[in-house]
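Following are the structures in question.
Next come two complexes, and both contain chain A; in the first it sits with chain B, in the second with chain C.
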Partner chain A sequence: MGVLPYLVAGWVFLTGCYGLATSRNLIHAVGCLSVCQAGTYVLLLAVGYRHDATAPVFSDLKPGSRPVVDPLVQALTLTDVVVGATVTALLLALVVQISKRHGTVDPDELSELRG
Partner chain B sequence: MDDLLPLLVAVPLLGAALLVAGGRLVPRPVAETVGCAVAATTAALALVLLLNSSPPFLEWAGGWTPVNGRSVGIVLIGDGPGLGMAALASLLTLAALAYSWHYFDEPPSGHAGSFPALLLLFQGGMCGFAIAGDLFNAFVWFELMGVAAYALTGHRVEEARAVQGALTFAVVTSLGAYALLMGIGLLYARTGELGMHAIGRGLDAHGRPDALVLAAFVLVMTGLLVKAAAVPFHFWLPDAHAVAPTPVCMLLSGVMVELGTFGVWRVYGTVFAGPGGVPAPEFERTLVTLGALAAVIGAVMCWYQRHIKRLLAYSTVAHTGLFLIGVGVLKPEADDGIALYLLGHAGVKAALFACAGILLDRYGSVDEHALHGRARELKGVAVLFTLGGLGLAGLPPFGTALGKSVTEEAVGGPLTVLYVAASAVTAAAVLRVAGRVFLGLGPKPADGTGSGYETTGSGERPETRHRLSRIPDTMTAVPAVLVAGSLAVGVVPGFAKVVAHSVNETGSAGVAASAHWTPAGVLLGLLSTLLAGVLALLAVTRPKTFAAPDRALWLRRLQSGHVGDYVAWVLVGATVLGALTLPGLLGG
Partner chain C sequence: MSRRFRLWLVAVGGAGLAALFTAAALDLPAFGGDHHPYGDRAVHASLSRHTANVIASVNFDQRAFDTLGEMTILFAAVIGCGALLRQTRDEHRATPEPQEVARPVRRYALLVLPVALLTGLYVIAHGQLSPGGGFQGGVVAATSLHLLYLGADYRALERVRPVALYETGDAVATSAYVVTGLAALIGGSAFLANTLLPYGTFNTLSSGGTVPLLNAAVGMEVACAVVVLLARFLDQAVEIEEGNGT
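On to the complex of A and B.
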């Protein structure tokens, strides 16, 4: 399948990092973190891809009759999605509290902790 | 006995679920007793397994054993170092629960179980990470302990600083975790395996390392070093430690950060140490460089803090640097030394945080300047805090001194100077605080903020419902026990030998080394204690010359509290990792 999906995964990951580093809004920053994580989904799924293979569901398929894509990385991706959902939910809850306590969601204006 | 291994994770997770489900129905003492009982059961289990861990346990969860040498199952490894970390994490969790017994105020009333439940979740994550035998599960446990730690850091949601610190911690560490997962994906792409040993064999079978191995190494190490808070991945740590509730700080500084170092050691030894991985000189250069940077920057920043919890947090950064150097030199003696150092440090650091928590709850401040001379009445706490400072310096016979001397002997040369200097400066900062706050020594420092660019630590809300008029016994007993534990690491005869044996049995390429007191080590320990004492005395008597905060202003400006800056530093750190590792892969 070539190197393209891996480049896409790296690109998505770095895009998220760029967004995080330059973000002016914490909700946007949490979104960027999810973009970083989307890079890991692309990478994992690309690793398991095979040409001319079908989904690894054996209800209507005789095992060994035709190639299937790697189900293991799909399981990993699913776990990763669950982890990501937990982290995003917690982060958004923290952003809500920051908005309440600091009155802003702009990271440039949070100056309680420094030095 | 192998079957008991998963219980290390299952017991705390079940306990947490029980507390969340039933916590609102029972009064607070019941919930806390259940929490303590579960943590203690897990600790006992970890200790029993640890005592029987030679040869190491291997457990394929759910019976998914390998077929023809290949496996898709989850493997747990119960060897000495892993079970030792699990036992340490469990014992510290128990200490944190005991410390917060009855007195720690939790905001959501009617949820008596929530705080102990989160601590148990944290414990389960740490135990899981310690015994994970495959990389993907290591990632999952890494994130589980991460999520529990973020929630615990921001537990006092009414506090502006707490939620900010928790968010920074969460974003930076999660980014590290995703980098780790990217690396795991690349390793799976190359070898088709997830078990650490299996990946190592797969890489070796593939032949010489190439760009993919380098990328995987950089990504995996980025994730682990963010957790270990190596410079320049460390920025989240002071922000999180300064705002987390005290019992949580004990766990974060005492064991979670060290689990990152443990992860580096475990992953390099099993995955990248072979001919198909990263050559040893490259690994050594990378870790010694980053470790030395962390030791220097941590020590300098520690010296210039007035917020006591932040000061202790920076001393953790400095000590993590020392641990990373010890892991990086790849010598069996250094591994033994670091294991002992880590155990001794955990006790001392957790005790120091516990004492800082007493100050916070008694006076509503952790500002060294504002507290000047105010804590004269707390004689017992003063003794414990000073003992903690001396332990940090490496005064024999503390466990820290034994570990440090064994490591110093293994690393040799200029790095020994770094060990002595970093431990002396961080300890001097602690002793300076002790002298000012508990004894009222020296002139009273000006209360205002000098450069304006610092976190003072005044105006913090106590964690107890009201300011304490009397310090509860549990809050003083816990640091006393922890300091005693740190002493025991150095004093109990044969303990060092057992630790060295179990570390060398599984890591260090099976080469056995011995760890014991040497005259040179004792002298170096005494030297760094003496240095610490002199420095502290100078700082107290001549604050203008020795503790002017403007000196390191350029360094302090880096700690901007801005999450975007910290993310940029993580990327810089990953690039530096790659640059340091690259030459060996090009050369041979």
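On to the complex of A and C.
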């Protein structure tokens, strides 16, 4: 039971990798990359979890009255989400360009070089 | 590489990764354990600087320099998307036709728009007190404007969203973050050190020193960046068409 959340994170990551490798559509591949990244969110939050703890926000909580979960990994997860969103935006922009230049978004058909 | 060979390669690599990952996970501290030395120190530092939301304190005080990098990544992504999705010579711009919108959709969108915008601004403003902050609130505020596209039409959205203004806003907000950091330097401290302003009363809007300022700068940057990014993609979908200038 103690390692289950970590294993879930690895499983989500590998699911995304499988999708990336077998993808027939670049938009689908970008989605799979987001799934890979979701695995890292799960891992980070699992590392920071503490039993019977609450959110590390003290606006309605007396400091020291209850344990709080690790705020550091939550901040890292926030960074992770932001970077993930920018990567997704850039990759989708590249997919738009590829679809215009080559008329396809199937990675298997994009093997030939073109000037 | 044939599909069969590729699948085989993924299976071998995935099995190896799964085995190593499981071995590593078994060696990690148990899930839900009580030993979080860095977390405890972050909470202590945040409370000593009168910031109620520890995550905001980590992002905009203890790791403010990393957040500058994060902001720069977002800024670079906006520039990159602008370069990739610009109008090319063999494309032309078509004026989008107004479309019929179902009455309930229109009513609901126009009703929710001000509420969503206000929620976004609230989440930005209370970033140092309650869950949320510049990143989350900025996205809410930016997407709320796009309810106008759902409820009315694309031209109505373009009227409330002059893209050039938001591009300037994006750059100004990023500069504001750097300037706040430089102000600490001029004040005789380190870059982005939170020593410039008084820490204020705990759990009030003005508490936390420079945290609310940096939080507001990030909120403005994210809101402008999301608006500009969505504008680039919507232009491609709605306005820019292939063809030889017919």
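Criterion: the second predicted complex is superposed on the first by the 111 of 115 C-alpha atoms of A that agree within 3 Å, B and C clash if a C-alpha of one lies under 4 Å from a C-alpha of the other, contacts with A are read in each partner's own complex, and residues count from 1 in each chain.
Here is the rule we go by: contacts are C-beta pairs under 8 Å (C-beta built on N, C-alpha and C of every residue); 3 or more make two chains touch, one makes a residue touch a chain.
Please read these numbers as outputs of a predicted model, since none were measured by experiment.
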Touched partner set for A:Q74, first chain B, second chain C, both or neither: second
Which superposed partner A:V83 touches (first chain B, second chain C, both, neither): both
First, second, both or neither for A:V47, with chain B first and chain C second: both
Partner chain(s) touched by A:S23 [first = chain B, second = chain C, both, neither]: first
Intersection of the chain A residues that touch chain B with those that touch chain C: 17, 21-22, 47, 72-73, 79, 83, 86-87, 90, 94, 97, 108
Of all residues in chain A, those that touch chain C in their complex: 1-7, 10, 14, 17-18, 21-22, 46-51, 55-59, 63, 67-75, 78-79, 81-83, 86-87, 89-90, 92-94, 96-97, 100, 108
List of chain A residues in touch with chain B within their complex: 9, 13, 17, 20-23, 26, 29-30, 33, 36-37, 39-40, 43-44, 47, 72-73, 76, 79-80, 83, 86-87, 90-91, 94-95, 97-98, 101-102, 107-108, 110-115
Residues of chain C defined as touching chain A within the complex: 3, 6-7, 9-10, 14, 17-18, 21-22, 25-26, 28, 30-34, 36, 38-39, 42-43, 46-47, 52-55, 57-59, 63, 66-67, 70, 73-74, 76-77, 80-81, 84-85, 129-131, 135, 203, 222, 229, 232-233, 236, 242
Chain A partner contacts - residues on chain B that touch it in the complex: 72, 136, 140, 143, 146-147, 150-151, 154, 157-161, 163-168, 170-171, 174-175, 178, 181-182, 185-186, 188-189, 194, 238-239, 242-243, 451, 453-455, 549, 556-557, 559-565, 567-568, 570-571
